[in-house]
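First up is the structure itself, then whatever we jot down about it.
Chain IDs A, B, C and D follow the sequence of writing; residue 1 opens each chain.
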């Protein structure tokens, strides 16, 4: 039974629905904070949509590589119960005490036995579920090698000879009698992140998707580009099998209400998605392939995304055509696709030929998730996305149920990760406080000191069923190993990773007094941890094991040449033995965890994070540089959706000030900082007298905010008729009578943003302009409002307000950076002159008010100072730079540091609140521990050999080594990432990387050639 | 620091051709810092020589050792027991180290394995640049902290020649014009007036003009 | 040298190349058994000395496999590795070994095919070059 | 008058002086010096005799100067700091003066990297300014550089070079001032193609009153061909050949380029005549000495005054 760990009577756990990247993040955050989680997914393996992406923007990294560590992480966590092929069928009860019925489809494979050898797939490919993914035209065979769980799944209906199938499994894991399982679990809260599906354009005849093979969706194009995709990464037109020369992307398919059945919202991620695909195409094929993107507005509003757009334009030569495509046809007898379109400034139709057209299809909620919403009992909006709280988008209409990811609304990976952590934070708050579990105490066996013993090696060789044993004679391998120096025991172990074999190995270690172990089996990548744990259980240091990969890298790939395979297996085992005898016991570096939190910045973000952590019982120090809490929100009146910011803010300030566990320090200035992750000391001056004091804390949260920009442009500050959007909002609120007399109002977008001096987009301004123009029209329906824009970036559900503004008569006029509007004083008014592309002439409007969308800029002074004190990286435009823009969007590269809100990049209040909650969740993963474990694969300097040459100091990509007071290099194991670059460059050979010591690597080399030179 | 570079392998092989047992000595001082003759380079050279000799079919035994400093007699004394087992010594230290060895161990040939280059500073990882020629009469105090003797191709002491172009020396675009650097710095320091003083012809005696130099500290010297 | 079977050492980075090698296994993509993989945490850990030692001990070929450019998990280890490989290639020529015996390759975790392909082409190339002159001399 | 130098006399009399250049042969061919001298006889006030120009070994400038002198012309003995230390230079200067040579030019010298002995050591015992000072002290104080008394001083009219086009530009006037302070009596400039930039430099020169303290001879060069113009524009460090000059050379057919080059040179001289502080011209017609006469003729610089 796979649900053996679920305790039916406890409601101190969280149910996470959906095993995509978001669900995994939520589950991991909860588990690391020692909360129990049931993670369910309706698929055979977890990973979701991301496992099908080739590369992700804006880093263009290979996704497989970035997601892999997360997947294996989730399987290892003790607190996570993973149920695949499982759906929610009923929910009763309420927050704190839900009762959920789960139904699991039969897998027909026993997960505990399956070794993912693949024999079933080889012999009965039709019966095995190998994920076809979203690409219906060209299925990929094995989904990816890091699949979790590491097991296959059987489609019994397709199987004609069940007995033969059962027999083929060497691990006897196939169980044809497997039944659907229905079970009931109790949980305190529920997080829904089942993801979204992608718009299907099949019904749109004019796009030809259904009939023309070379018209593909962006996800299909991704699969074609992918190394693990159907074409093995070869970019070819599906119809001809030839490499295309001209590829076009058409944006907004299924979004912005443009097509039949399209959502009214903007799908948020497609612009970047198309850019990425075009860039990757250009990177690989340069001038061999022309890339064109047909778009209405390029919406690159995320952190540094505008730079990505500029790169596509300027460095890669991707062509951008602001246009509306009309149809895609394939003229009789031709392979070219004929794309008809109109440009923005004329009604004339243009035609152009392409070899491939990619439809940038948007997100859509699936039937399945709508059903899920219904069963759970949360309300959906008109687009079938959950209705959420106005300042906290992960909170649904049903208490205790939270949402995250694309199920909540269209979004990209970083925002999904942020929401996932935020949902974890909210869900955890519904749990009763945990008492320390006895679970961890029981696994603390006494470790035998083997440092003075002669090496005594035990060699255990798996046959892995037929996988190894079917190709090579395991007994021969055992016999050979037994002849090698220091080998005390050599034996065959069947399935080494099975429970019985593990027990046998453990027993042998103890009985024979072994002090080194070699496993001949599968990849150390997947199994090293498992055997390390085994050694620990057997009472010897966990680092005294070495795995010879004789399955993945021998028998699986040399099955046609058994003799060579056996010789190579012998060599690999001998190499492992030679290496392991030189292995030394290592200790994991641990540090005691200080459970206080320092939050820098007392705006909405900082206060939200403070409250969340204080409510969990952690002491919070909240440092604000001004004399008043609230930050930039003090200047805001309402949100686009109509939320009352001042009411929200004042109640929050009240809560913060009165909370026992929060100590607020205003006029606080951080002046010094020292310590290690988990035990920092930070000095600050605060209060009117600027008293100096030091705070001990384990976590630092940066929520320093940004500043509203005020560039010296368009007469800003020279005449009262010109205001920023922020000032306009106040003015509308304070002087409604005056607004009623306005005739013309002009708004200029991108003032001080998206320029060579400040290349990034300020993200918030488009919706700000929409918000203010709607407010003006509410007060004064006769007013004429002009919005001069470059791209309207009303992403997600904001798009609907944009449509509303258009309907209510707001006049939208586009301008180019090369031809900006001209503003001149005209008495108490201003004359705004802009070039109208449709009329082809300059138009002058005399405006009563000119509102400038000046956006945000980083708080350079504060951030520069803090980055210096805390040694944290910043982006070129001065925001804090997170550890991984995709997967760790709120973690800083230095452990124990987190960033949230506009200190990270410009964003809206609800986005800041989400990040604040996310940060609180991430912080709790560390705060829940009493010690911080840092692993053992770190570099170590021998001070006696060191020449203090600084080469390691310069070689380290993380700036860890330094020359200490004794005059030699020192590497802080708490900061070392274990890459070994310093080791390789040290001219004095004074550094060794633990687990990969020079003598161990050289021992392998020497052992390999012993036979040859001897 | 003194910088050096490994000699071409061919030249080293030629030196030690007649010998079988080689004592290969590194130095943990300057040549380690400039990655020319530390433990790592000793290992690389030993391995390379081993292979080259194997190929030519002659036996070789290489003993590797790295001294703290080869330019101090006490450290050089350390290898006294190893010398007996060697037919020749190959030193990866600078010229000072090689001579120190040769002086101490008169009965055994000592060969250099590196070319000693110059006194330099690290520009960045893996790049060392000449900064001093040991002229014995430092000018840096009046040239804004930039040395025209070691950094101007013509050792001009009174300003840049006519070949200075956009901050670069006429001999190569990779070489900064020292006088551009000096001028920029004098400007930054507000000391441009100083430039108008004519620097008189240099007295090269302190720079080796009167034979090998020596420093004697009376209070320390025995 | 009729039946010359070269011995080739592949230093593979943990995150990409070694994973790609495992993937070649998962996909059952055959490649010559001549290639023996030694796992290192990052290609930036490759030590020039270890490469040279492999040749000294008798390797006919060596290659260092790291992540694709820009994908290194430790920022720039693969770039550093490529530079070191180029350095050792020159040294090999000095010693009198063909520099083609040593190569740097970049590969992503998903590229099982590419791994198998590389192992085959490398083996073929070395087979054509013949046994390492060092090994040949040692055998005499 | 500090010296007996013909050049000094011409300049002191207020005439626009004209000098030109004679590169010694790369071998024992005194007749080449004789031939080159013939082209310049009666055309110029002094003939620069170069010292291992571009770091290529040639007949010594002292010997060639003597041959020029024998032809009845006035040699302008060039000395660089690259090949000799202060002893050798002083010895040569004494020798030169003893053979009737009374005008000299003090230079740093091109780096050996550019020549045919890149292996050679660059001496640079002293630099060009220290050389000027040394000659001046020999002449006026009658002492060697080392301080000892000189028995019979060389009464040299001391010249120095200046490059108004090199970087850092702002240092160029100051460097000239240093040379004058060190004792330079006259200056020959680098070839001028970019007249506006030269004028800018001269403005600085006038501001410091330097044109009153020494004579400035503006350097000009006729381009033989488009290739030569391009070479100077792109390859010669410290040369400033504006694009319009190159374009103008390119705009005429190949066979007319030489004429165009001469025309540009003559026009340049005409423009430079108007610049306050220009005391004459140094016409560098490298391996094209036969054209100097035509240039001088067309620029109205002939006949030369007899002083």
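As a working rule, a contact is a pair of C-beta atoms (placed from the backbone, for glycine too) under 8 Å apart; a residue touches a chain by one contact, two chains touch by 3 or more.
All values reported here derive from a predicted model rather than from experimental measurement.
Colleague: Hey, which chain ends up farthest from chain C, C-alpha centres compared?
Modeller: D
Colleague: Could you let me know which interface, A-B or A-C, is made of more C-beta pairs in contact?
Modeller: Pair with more contacting C-beta pairs, A-C versus A-B: A-C.
Colleague: In angstrom, rounded to a whole number, how far apart do the mean CA points of chain A and chain D lie?
Modeller: 71
Colleague: How many angstrom between the C-alpha centroids of chain C and chain A?
Modeller: Centres of chain A and chain C (C-alpha means) sit 33 Å apart.
Colleague: Could you please state the distance in Å, as a whole number, between where the Cα atoms of chain A are centred and where those of chain B are centred?
Modeller: Computed from C-alpha means, the inter-chain centre distance equals 51 Å.
Colleague: Once you find the CA centre of chain B and the CA centre of chain C, what distance in Å lies between them?
Modeller: 35
Colleague: Mind pulling the residue numbers of chain B that touch at least two other chains?
Modeller: Within chain B, the residues that touch at least two other chains are 40, 43.
Colleague: Can you list the chain C residues in contact with two or more other chains?
Modeller: 48-49, 53, 138
Colleague: Residues of chain D touching 2+ other chains?
Modeller: Within chain D, no residue contacts more than one other chain.
Colleague: Okay, what are all the chain pairs that touch?
Modeller: A-B, A-C, B-C, B-D
Colleague: Per the contact definition, I'd like the list of chain D residues that touch chain B in the complex.
Modeller: 81-82, 86, 108-111, 113-114, 122, 124-130, 133-134, 145, 161-163, 165-168, 171, 174-175, 177-178, 181-182, 190, 237-238
Colleague: In their complex, what parts of chain A are in touch with chain C?
Modeller: 59-62, 64-65, 68, 118, 122, 141-142, 144-146, 226-228, 232-233, 523-526, 549, 551-554, 556-561, 564-565, 567-568, 571-572, 575, 937, 955, 957-958, 977-981, 983-985, 993, 996, 998, 1001-1002, 1004-1006, 1008-1009, 1012-1013
Colleague: Under the stated contact criterion, what part of chain B meets chain D in this complex?
Modeller: Chain B residues touching chain D: 153-167, 170-171, 177, 179-180, 183-184, 195-196, 198-202, 204.
Colleague: Residues of chain C touching chain A in their complex?
Modeller: 7, 9, 14-16, 18-19, 21-33, 36-42, 44-50, 53-54, 57-59, 67-68, 70-71, 73-77, 80, 84, 108-114, 116, 135, 138
Colleague: Using the touch definition up top, name the residues of chain A that touch chain B in the complex.
Modeller: 945, 947, 949-951, 954-955, 986-990
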